[in-house]
Every structure is written in C-alpha cells, then in structure tokens.
C-alpha cells in the first residue's frame, strides 16, 4: 500500500467516523430497529470485495472463497434492505391510519 | 494531479461537505457570531500554502507573493481566533453572573 | 475511463449511503433514505462488475443469484417478532464474507504483503471470524435453539482473555512475518472460537447489546477490507456501520444504567444475580377482567406500557384493537415505550407499527413519565424490568439507576402477565405488590382480546 | 518520515477543526472547542514548516510575526459593536492570501498544468480575488467610510452578469490553454472588479448575508487550493468554512423570508422600496419616562426586545443595569432575540453577553413569542423591522412573511428610539401607531440610564 493511499484512507476513515457519529446519533429510538437492519444491509458492502475475488480467477481456492463470500454478502444485502423496507412501510402517521 | 489524488480529494471534499452541514446546522443562533469569526479564522488555513510559497524560493516574485500571503493569512488566523475567544469568554451562565 | 467510472460509482454509493442513514432521522424521510441507500448499493455493485481484474462472471452471477433469493426469502417471510434473530444471522453472513475475502487476499499476496496491508488484513480476518461465530451463537440463543441463559464457568473471563491475548500475539507476529501461512490460519481459527466464547456468557436479553457490538465489528471488518483494497466505499460504509453499532450499544447500556463491561462479562440475568432480589413483603392483588374493562371504558387517559411479553405473546394487534375500542369511546390512549423494552432497541416501536399504531402515539420515556400523574389507568403488558420501581427507589438493587417508566405514579395500574415469572434481570418487582396495582394473569394476547370484548359491552 | 509527520499533523489539524466547530453547538463547550481548533492550526503550521521545499525561513517568519501582531491588535482592540466590519476585513485578508498563493502556483507551473489543477487554480484565484475586493467594500460600507445604502444604476444586473460571463469564459479558455499568462491576469483583474460590483448594490443591513456568502467563497477558495496542492487539510478546512458561510446566509434569508437572489440583486432598503410603505393612519402616542418607570417597576414580567439601535447606541450595559434593578424588585426579565436583529447573525447575543447578561435569559423567536400574551411590558430598544406587525398581517408588505417578535400581543409596549427614523427596510411600522404602544424618544443609552434611576425611585 503506497504512502499516499494510506494517508487518504486515514482521512476518509476519520471523516466517516465523525459523520457516522453525527448521523447516527440523530436517529430517534423509534427507528432503532430499522437502523440496525439498514446498517446490517450496508455492511454487506464487502460484496464489492467478494465479487472481484470470485471473478478474478487467481486460483480455484480463491474463486471458491469468493463465490461463498458473494453468496453470503448478497444474502446480507438483499435480506437487510428488504426487511428494512418492510419495517419502514409499517410506520404510519395518525391521519393515514385513521382511514382504515 | 494524479488520478488517485483527484479521487481521494473528491472523497475528502464530499465527506467534509456533509460533515460541515451536520456540524454547522447544530450551532445555535446564540453562537452565530462566534461561528462566523471562528470559521473566518479557520479559513486562514491558506497559511499552509502561503508558507511553502514564501519559503520555497522559486523566484523573487513568488517569494514576495508568498510573503504577503503569509502576512494576510496569519493576520486572519490570529485575529480571528483572538476575537472568537474574547467573545466566547463573555457568554456566561446565570449562576456565574449572579455573583458579581 | 473504466477506472473513473468505477471510482465515481463508489463515490456516489458512499454519498447515497450517508444520505440514506440521514433519512433515518425521521420516519417521514426514512423510506426515501433507504431507497437511496439501495440505489447506492446497486451503483457500487455495477461499478465493481466493471473491474478489470474480473475474468469470468459465472461464479459472480451464480453467487449473486443464490444470495438474492435467500436474502429475499429471509426478508419477506421472517415475522417481525423474529427480527433480533434475523439480524444476528445476517451479521454472521456479512462477517463471513469479509473474513473469506481477507483469506483470499492473503493467499493471493502471501509473500509480498507490506506492514500496513497485513495489519488491515489481520484485523479483517480476526474481526470477521469472531463476528461470524459470535453472531451464529447469538442467533441460536435468540431462536431458542440453545438455552438463552448465560453459560458460565469458573475462570471463564481469565480463559477468554488468555485466548484473546494469544490471538492478538499471533496477529502481531504475522504483521512482522506475513509469510507464516499456518499461523495465519491458526489465528483465524482462534478468532472463530473466541467469537463463541464471547457470546456464551451472555443472557438473551443482553443479546442486543452484543449484537450491536458485533454489528460494529462487522462494519470495522469491512472498513479494514477497504484499507487492504484501497477502496474508499468499503472504508466509508464499514465505518458508518461500525459507529452505528457502537452508538446503539452505548445507548442501550445507558438506558439500563450498566457499563458495557458489565454487559459483556457480568453474566447478568443468570441465577446468581436473581438470588439477590430478596423477599418482598405484601401480596399481589388479582383483579377481575370485568372490573378492569369497566375501569378502562370510563377512564379519561390510558397509557399502555408494552414489554418483552408483548412480543412473545404476539399481542401487538390485540393491544391496537383495545386501543381502538377505547378511543372510539373518547378515551385518550398513549403508549409509553422504554428504550430497552423487549429484546432489541426499538423492538416495541416496530411491533406496534406493524399493528398499525401511528407513531405519533408512541411516547419516549422522557415524554411520557410526566404524564403518569394524570393517567387513570396504566396497562403494563408483559413488561417487568422496565417498570421496576426498585431501579429508582432502592440504591442496592442490581438495576439501581436504570431509568424506568414510572407507572406507579398513575391512579391505577394493571399488569398483564402469565404468572409469577420474573423479568430478564431475575429480580422481584415491588410494583406488583403496591396497593395501586392489580394483576391480570394470562397470555397477553388472550387477555387483551377478552378485554376488547368486555369493553365493548361495558 | 518527515512526510509522515507532516501528513499526520494535517490529519490531526483536520480532526481538531471539526471538533472545534462541534464544540460551538453549546456555549459550555464552545471555549474548549476553540482551543482545540487553535491547537489544530498550530499543528498545521508546525507541520508545514517541515516541508522539504522550504529553503529559507526568513520571509516566512517575518510574515508570521507581522501578521500575528496585526491580528492580535485587531483581535484585542476592536469593540464588539464593530464585529461585522472586523469580520469583513478579515475575510479580505484570508481571500487575498488564497488568491496570491494561486497566482504563485500558476507562475511556478505555467507551462505544465493539467486540466484538473488548472481548473482548481482558476477557481481559487477567481473566488479569492472577488472575495478580497467584495469584503473590502463591505468593510468600508459597514465602517461608514462609504455610504451604506445600496448604490444602483440602470442595467446594473445586466452589466454584472456580462462581466461575470466574460470572467468565466476566460476561465474556461484557460483550463484548455493554461499557457496564456496575460489572460490569466485579466481574469484575476476582472474578478477583483466583479467583487466590488457585487457588493455595491447591497444595503448595509443586508451585508451580513453577503459577508456569509463571501466567507463561503473564501472557504471554497481554500478548498480549491487544497485540490491544487493535493493537501487535504486545506480541502477540509475550506469546505467546512464554505458550508458554514452558506448555511448562515440561508438561515438569515429564511429569517427574513427573502430569497438569496432578492438579497443579492434586490437592492433592498433603498429609497424606492421605502416609497411603497404607504400612509399610516392614527398617531403615535408619546409617554413620559416616569410613567414607564412606574409601569416597569410594578410589572410581573418584562421582555426586552433589542435591535440595531441598541448596537449603535452601545446601550447593552444600560439595558443590563435596568434588568438588574427590575430583577431586584422581583420582576421577571427576559430578552427576545430575533435571528436577524442588528447587523449580523447573533449580533444581539454577543452584545448582551458582553454586558454580562447570562445566555439563559436570551430567548429565541419560537421560545419567546408564546410568552408575550402573559407579558406586562415589552420594551423595544432600537428595533424596528423585527417587530413590524405588517410582516404578519399585511400580505402586500415587502417584508410580508418574515417571522417577527409579536410584541403587540403583550399588555403594553414601550418603544425606545430617537425619532421618526425608519428601520433598515425603510418601511413604516404600524406597531408604533397601536393604542397599546407608547413611544419614548431619545438615544437608547441615555433613555435607559434615566429609566434605571427612575425605577430606583419608584
């Protein structure tokens, strides 16, 4: 890893850490469960690494590892987002529910 | 500017923009004047560029430009911070002022 | 050109993830926010598919297809009450992916890994491995496949610490000598074991704290992957995730007035702790269903306080029906939601939302507590610890200092539970012995359904 | 090694700047926050001094010394009432530094500048130049060296737009052909002129909005410098700054219910606008000082509403004395602070803080408005537009929709001003003609000092 990449990575990490703190601490308790499953879905971003590993064909071992990783990560992503959506659709304001 | 530097710079810019928005929008109106002078002081960070220009000795012109820039930027930094401190020292809670 | 496209798609994805999480600051904007985050993920995937190192798409597409189907199935069919388990399982998947990518990267570069890359790689594999097994055990406990109570033995903490120290020791050795492949796999193996040991002594109600921590580790593992691959979207998404988990666990601990160490190593909710609760004088007063129905029907203001029992009884729809009937009679109905009621943060909110309770009726601790003084009837539904007045009144109680919903300040309290069962903490609850309190035994769903009928005839 | 040290000092500085600004979210943490930011700046400077390109320190140290002395002098001696001017002047310095660095970089690399660097450089020089002259003119107007009213002429906006278009045109040409040095200097020159033209048509009370925008430009100029030098601390600090300025100007515009275009091109507060105010029926009622003193002395609750007149009269200490005397008599005293009262955001808060008014007595618009109904006497001190009921009641008023402090809802209103002078908007204020209102003419400081004595003898 080059010196410049490391420095950039550290900057990005530091800024993301602050931002994470700021953004997350504004989420109300009402939405903590959706928050958990949303971040769970987002943590499936390791899919990005998995895809390259599965497709680069370095060796059979790494292709297999990559394939399993793709399956796991995409389960995580799809499952996480689907369920977050499902939960969020349930949160309704008073006026909407009054009608049914 | 290398391709990787540009990408890193864009990331840093994007994250700083979000962070700026989050942090600044939490400053109460009470402290808007100190905020103005604090950011004014921080914008004196161009001092960092000025110093190198003044010291690198590329040409007489650039040394002069750099020197003037150092004067301006450090005025900005020192003046800004001194006055922000002065203002902030004035903000007191009730209990403190009750005594005098 | 291609590289630019990939990098821009990653930058866009990062921005969309942040916007997505920002959206979660309000229920009105949350849905749109999630769509942005989903779109961000799509961008990141499409960008990655352009990667020049990719020579064959067979395994990628196969993996994506299988994963999507499994994910979709899990997403669509899991009931809301099983949310904690599902999240735990999903963590395990995400963490395993990170660990596997780490192993593959290690195999690829074994000879020529520099210090920084090897450190990041080691972190990734350690965190990924321990999160995988830890989350799986958490899943098993929450799902009831394994006993939910803390499993403890003498010297447990010492043993765990030794194991952790060994793992970290190997890690440090590897950073200096990245070539020792055997040691690398031993490290990964130890991390897998450590994940199990970490979760073993933790009771099922403390699981959310641990799950949030594991979430945080999974995020940090992704961020470490980002350092390994010099990929900024991984760093950003991982870090956001890491912080989210960390903040949630802190918030939960604060809502219980316990330190994170106590949660992790205290084996809280085990039999030993329960022993401390001491004897309670006085007796519980059982009241009739009809009496309560009349009381509710003629009240001005009723506050429902749901807890874990509501979730196990799946009584969220029944409580909503009761509320409807009462509101039709002109009674003001509110819900008091304790931040750690149930078995995951926000658990009660999701369940009640599922039953169509508008979120404007859900009140947080600080909002509802001042209102109990003017409340005619507080109905405690399968909640116990979160309404235990000992937390406020008895400084020697194990839960002393935990903020509670002060239902005992209202004119009358009705407690719906099945019997003499204790809450997660295993403590006796003096609320049940107060003169103001009446007990109504039975499964919450049954009781509530019968109350609805009784109120309709009152 | 050295490079690592420099980079780490920059990273630390960036983090400290962010922490510093975060500190400003509460008056209790603000001071500590600023110390962190100052320390960050120190780290950044020390790091820079290690830079390998530096061959001589003479000019650097001389420049730092001179700048620090001037800055210190400005910081220590400028009175609080002159804060707007000082900030404007300081912006000019910062922006000039950015512009000069840009020019030096251009001279250094003239032949071999790639597209990205040249774009960033062009931005830096353009923004830096126009901010320099714009801020200088703003300073002159606020300091009273130049007439504060808008300077307008026919076709002004068209001319400005043409000038801007030309400048941008040259900029684009330069990005493609970075070699044309003459054009580069013409671009810089035009930007200097544009800065003046931009500020000319703006009235002195609208200056804060423009100053915030200029602040934002100065920040973006620094960020552009960061792109040129691949220096991340410049990007971060500049961007934070840019956003801060931008957000403040948006907030001010919202508090006036005006668009930013109207502020920049509307020439608000000029004679033409004033003509529209129309005739006001009824007459102003003058009341005696003794009467008011008695009213205040026997009131239960008094709200002071300060405005720009408080600043010009330097009456902040006098109002605090009056409040002290009243509080000693058991009267509840509060201050209602409009977000755009005075001539810069937060202006009134700083002035009152200077006079030792505790910030817990300062109430924002939303907090104090519901309280007027229970207020016995509202004392308007040199405020005018911010209490103009037309903004609420008369949809055809130029300030219609601007949120106001609704003093006219209180039982009695006293207005302290020198005479029939109008506010910044040049509009007649129907408040002064309401039966509930009494006028007390004279310089605010004099009047308040006399009121203190009168209350003491009441």
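Order of writing sets the labels: A, B, C and D. Residues in every chain begin at 1.
Quick note on the criterion: contacts are C-beta pairs under 8 Å (C-beta built on N, C-alpha and C of every residue); 3 or more make two chains touch, one makes a residue touch a chain.
Source: prediction; values computed, not measured.
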So the chain most remote from subunit D by C-alpha centre is C
Which whole number of Å gives the spacing of the CA centres of subunit C and subunit D? 46
Between subunit A and subunit B, centroid-to-centroid distance (C-alpha), Å: 34
Can you compute the centre-to-centre distance for subunit A and subunit C, using the mean CA position of each chain? Integer Å is fine. 16
Residues of subunit C engaged with two or more neighbouring chains: 18, 232, 236
Could you say which residues in subunit B touch two or more other chains, in rising order? 5, 8, 11-12, 15-16, 18-19, 23
How is the touch graph of the chains shaped: line, ring, star, complete or other? other
Name the touching chain pairs, would you? A-B, A-C, A-D, B-C, B-D
Using the touch definition up top, name the residues of subunit D that touch subunit B in the complex. 10, 13, 17-18, 20-22, 24-28, 30-31, 34, 37-38, 41, 44-45, 48-49, 51, 53-57, 59-60, 62-64, 66-68, 70-72, 74-76, 78, 80, 83, 86-87, 90-91, 93-94, 96-98, 100-101, 103-105, 107-108, 114, 116-117, 211-212, 215, 218-219, 221-223, 225-245, 247-248, 251, 337, 339, 344-347, 349-350, 353-354, 356-362, 364
Residues on subunit A engaged by subunit D in the complex (per definition of touch): 3, 7-8, 10-11, 14-15, 18
Subunit B to subunit D touching residues, read off their complex: 1, 5-6, 8-9, 12-13, 16-17, 19-21, 23-59, 61-63, 65-94, 96-97, 100
In the complex, go through subunit B and note every residue touching subunit A. 4-5, 8, 11-12, 15-16, 18-19, 22-23
In the complex, go through subunit C and note every residue touching subunit B. 3-4, 7, 11, 14-15, 18, 232, 236
